[in-house]
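In the two complexes that follow, subunit A is the common piece, with subunit B as its partner first and subunit C second.
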Partner chain A sequence: MSAAAQTRIGWASVTPALLWTLVFFVVPFAAMGVASLFPEGASGLSLANYTQFFANPSYWLALVNSLEVTTLVTIISILLAYPFAWILAFVVPERWQRLALMLAVLPFWTSYVVRSYSWLLVLAEKGAFNSALLQSGLLSDPVQLANTRAATIIGFVHFFVMLLTLTIYANLKQLSPNYRKAAADLGASPVQAFIHVILPLTLPGIMVGAFLTFVLAIGDYITPQILGGNNELLLPQLIMMQIGRRGDFASASALSIILMLVVSIAYLACARWLKIERA
Partner chain B sequence: MMARIASTVYAAAIYGFIFLPVAVLVLFSFQGTLFPIPPFNGPSLRWYHAVLGDARLTAGLTNSLVVAIVTSAIATILGFLAAWGFARFHLPASALLRGLITLPLTVSYLIIGMGLLIFFNWIGLPKSLMAAGIGHVVINLPLCFAIIYSQMGDHQANIERAARDLGAQEWQVLALVTAPILWPALFASFFLSMTFSWDEFVIAFLLTRFDTTLPVEIWNLLRAGLNPKTNAVGSLVFGISIVLAIVFELVAFRKRPQ
Partner chain C sequence: MTPRSFYRAAGTALVLILLARAASAADELNALVWCDHSDPNLLKPFEDATGAKVNVKEFEGTGAGLAIVEQSQPGDWDVMVIDSIDVRRGVDRGLFEPLPEDQLPFGDIFPEVVMDAMTKIDGKRYGITEKFGYNTIGFNKSKVDPADMQSMASLTSDKYKGRIAIYDYYLPVMGMAAMSIGKKTADLTEADLPAIKEVLVKMKANAKAVTDVVASQTALATGEADILVGGGEWVTAGIAKENPDLDFSVPKEGAVLWSQSLAMFKDSKHKDLALKFIQYVLSPEGQARLATSSCYWGMPANSKAALNDEQKTILRFAEQPDFLKRAQPYPAPSEALDKKMQDVWTEMLQAQ
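After this line comes the complex of A and B, so read on.
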């Protein structure tokens, strides 16, 4: 077959996917960019949707809230998941590990909306948590947990502990046991071996997991809306509110682009750990 | 010894945390009264009857299945063709174009949905299951492409060459040689796409109106507050997903052709 015919077949096979991405991803994204520059009520081109973000404290606050919640979620999830993944990888006998891991991610299989709702069942004023503590006498009055930032964080941490356990476990299993042995031979205590050998070696994996957690959490609307309620808005809630209540597509577009910029900054900050390579 | 005990206690606590909401969800789906809160007074199947008798929920279930199957098939086929094209032919700017196809992976669903909402609004495509399905292909295509592309090895190229030498047409090579060899990757792509489409909420929420998917119907149910019917439909989804996961486990990992 001639080189030209080869190239023709090659183009024919990659074109459908390229076109799909172009028409339904690149063009809509550009449309969003253009829409953000034509604010409601203004005539013609204007940056008002972006300047209002810095001028209007409630918009600015949504970003601050989002960053605070997401950072807390990322840190708590890593701190909880790391020892758990360690136990699964090094304490649980080899032949039980697969089962132990599958059990650890079982609730992944409920739908995302339902998983947030099921935390509401636990945290509600008359829910499982409060009634258990009231009955046991540990509490005299129910605690307000639903519709708080704490509820949002609990819901997020639940999801990301499962996700991070998977990634950190995979990371730990890839390490040769020789590292630990060598550290021990050279006189390191288990704690020293962990801090100076294992932790640095698993850091890239942790950073990938942390980045994933940050990106998925900061863009999520469901968990803060169901568990946090409307007392305190996160950025995705603000975006949805612009469309839902006000039908203000221009402002929602501008906020979406700001959200994307935040994610891009996070990506650049982690870029040295995030080399996505293929075989 | 102390370390072992500490490990066991810690692992038990994390398992407890992971399972607590799901256990509460399933338990109170069998609640006999109107509220899914303690005390438990079941077991009763009344809320399961209510779910199966709810036309909106059963329609949502069917819609979700159809959207998941159709969009996953499209994403897998497009991803497979593109992976084959990039792996087997020398195309100009290949790295850049591959990057373009995987780009949507880095953007959150909310933003993809927003962009499509504005775009469809402009071109006059009404909100519909098809609009949401287009969005689901956008989020799943990069994934399918990446999975299949990573499995395109050189030994397969040799087998394809042999087929061509024996007189096979290009489409015959693709359908009768390449696809069967890559079947585990194709299956994994299709299955993962189905899972993501099945569970996807925000794109479907933004892009559908009357006919919608199950996650959106469940969302609508949440407006009524805590309701054992939501528990029942949630438990059903959980059950269906676990059965699918077991099927995946059996098909993809037990029968790996060597």
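After this line comes the complex of A and C, so read on.
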């Protein structure tokens, strides 16, 4: 086959994906960018919606809150998911692994909204958590968990531990057992083998899951709205607030572009681990 | 089946579906509504009487509703439920059709909620109030002293610290904050905002949570909070049978009067049906059903609503003349002031 024919086939193969991205990502994103430059009440082009974000501490704080929550969620999820994936990959017998994986991803099967409201019932002052601790005598007064940042983090972690477990498990299963054997032959203890051999080799799986967790959590509106109780605002809540009554799409677009920039920066930070062939 | 016969059958099915849709569209009313209009108990009598199907789409917040309209084709929608203070926004966008006043029961509507200043523009009526109520103090009378609920000062005092939830909607709650320091909701200016913010921050310091509509009701119903700032009959009345201790007060400072209107779209293709729907909703039967909708209860605008005695008691029908006298209108700020009020609300939410 000639080089020209190969090029034509190559273009024919990628054109649907390119068109899809163009129509459903690039064009809407550009439209949002343009909309953000025409603030409500202004007569022409203006950066007012962007300057407002940096000038108003309560707007800026929404981004800080989002970054804090998302970073915590990502770290906690990794710390919980890694041993979970390890147990699935190396401790659970091969014939039970499929069932165990299915059980692990069960939360994905329920509606996101239902899952968040379920957590609200568990964490409420008269919910399952407080009732259990009060009845067992471990608490004398109920603790407030619902409508707090902790509730938002718990709701997120429950979901994203599953996601990270899948990416890390896939990575662990690809590793040849010979790596551990070779490390042991060379005198490494199991802990040393894990830290110096296994962990670096599973870093791509961790980073893929961490990146997905970060992106999905920082853009999520439902969980902080239901579980956080608006005692503080995260960036997606601030974006929705612009639309609710006032329908200020220009301001909402500017805030969305800023959110997109944060996600892009996170991507660049993780890019070296996000190459498809390594994941 | 060969590919050709498959495509032929699929094409025929598609044509039949489109024809069926076109045929049925003539007998359908497309309504952009709040959740109280989705109750089958409200819609079914109208559908049975007219043979028409009412298709409803719910939205929250005028901005979101107007965005749906702007993303639709002219004629897609026939009627819309809208905050009475926002009727003008729809008129300014050229969306609404003037309503025939002589064919609607204006004589039976509580005079205080006719709201000409908001629903009548250039001498033409574009919206008719269908339901109203109060953003005031909702509370559990078994947990708090009802006498304390007669003053908004209780909302910022230490006595109820940690037992309060705040309804997350800036206009009515900022209106309440303004009233608590002796300001009139109709006269608010940017100069009033620092003092209002001070009250809001004190309320927030006392509050356990700032909650949306569903969470507000849940907070009171489950005992998560004993007091709801911005609550009223819209939170307590619908669950009064299960929770008879839930109540609301109109304190000495007054309450913020909320009201929702029905408007007809200028480009509606079913204006006769739309008018019939508005007439039905404003009729004594429609008003009783709307007032006691499963989503939330509220006072019917029509004073002759066919409510039974129990429903009237729950809604405190007999006390309405006094409540209406002491209530102040919903703040209706200009675009610029609205933005500033929302920013103050954002600052309150972010205050720790």
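Here, the second predicted complex is superposed on the first by the 249 of 279 C-alpha atoms of A that agree within 3 Å, B and C clash if a C-alpha of one lies under 4 Å from a C-alpha of the other, contacts with A are read in each partner's own complex, and residues count from 1 in each chain.
The rule is short, and it goes like this: a contact is a pair of C-beta atoms (placed from the backbone, for glycine too) under 8 Å apart; a residue touches a chain by one contact, two chains touch by 3 or more.
Note that the coordinates shown come from a computational prediction; the quantities given were computed from them, not determined experimentally.
Look at A:222: by the touch rule set out above, it reaches subunit B but stays clear of subunit C. Of the two partner chains, subunit C is the only one that A:233 touches; subunit B does not reach it.
Contacts of A:31 after superposition on the shared chain: subunit B is touched, whereas subunit C is not. With both complexes placed on chain A, subunit A has more residues touched by B than by the other of subunit B and subunit C. After overlaying the two complexes on the shared chain, residue contacts for A:162 are found with subunit B alone; subunit C is out of touch. In the superposition on chain A, contact is made by A:114 with subunit B only, not with subunit C.
Within the superposed three-chain model, A:10 lies in touch with subunit B and out of touch with subunit C [touch as defined at top].
By the touch criterion defined above, A:62 lies against subunit C but remains apart from subunit B after alignment on the C-alpha atoms of chain A.
In the superposition on chain A, contact of A:249 is made with both subunit B and subunit C. In the superposition on chain A, contact of A:271 is made with neither subunit B nor subunit C. Across the two superposed structures, the residue set of subunit A contacted by subunit B and also by subunit C is 120, 124, 126, 226, 243, 249. Across the interface of their complex, subunit C is touched by residues 40-41, 56-59, 61-62, 65, 120, 124-126, 144, 146-147, 225-226, 229-233, 238, 241, 243-249 of subunit A. Residues of subunit B that touch subunit A in their complex: 4, 7, 10-11, 14-15, 17-22, 24-25, 28, 35-39, 78-79, 81-82, 84-86, 88-91, 97, 100-101, 103-104, 106-112, 114-119, 121-122, 134-135, 137-138, 141-142, 145-146, 149-150, 153, 164, 170, 198-199, 201-202, 206, 214-215, 218-219, 222, 226, 230-231, 233-234, 237-238, 241-242, 245.
Looking at the complex, you find that subunit A touches subunit B at residues 1, 6-7, 9-14, 16-18, 20-22, 24-29, 31-32, 35, 80, 83-84, 87-88, 91-92, 103-104, 106-107, 109-115, 117-122, 124, 126-128, 131-132, 158, 161-162, 215-216, 218-222, 226, 236, 239-240, 243, 249, 252-253, 256, 259-260, 263, 267, 278-279. The touching residues of subunit C, when paired with subunit A in their complex, are 60-64, 66-67, 168-171, 207-212, 215, 218, 222-224, 335-336, 338-339, 342-343, 346-347, 349-350, 352.
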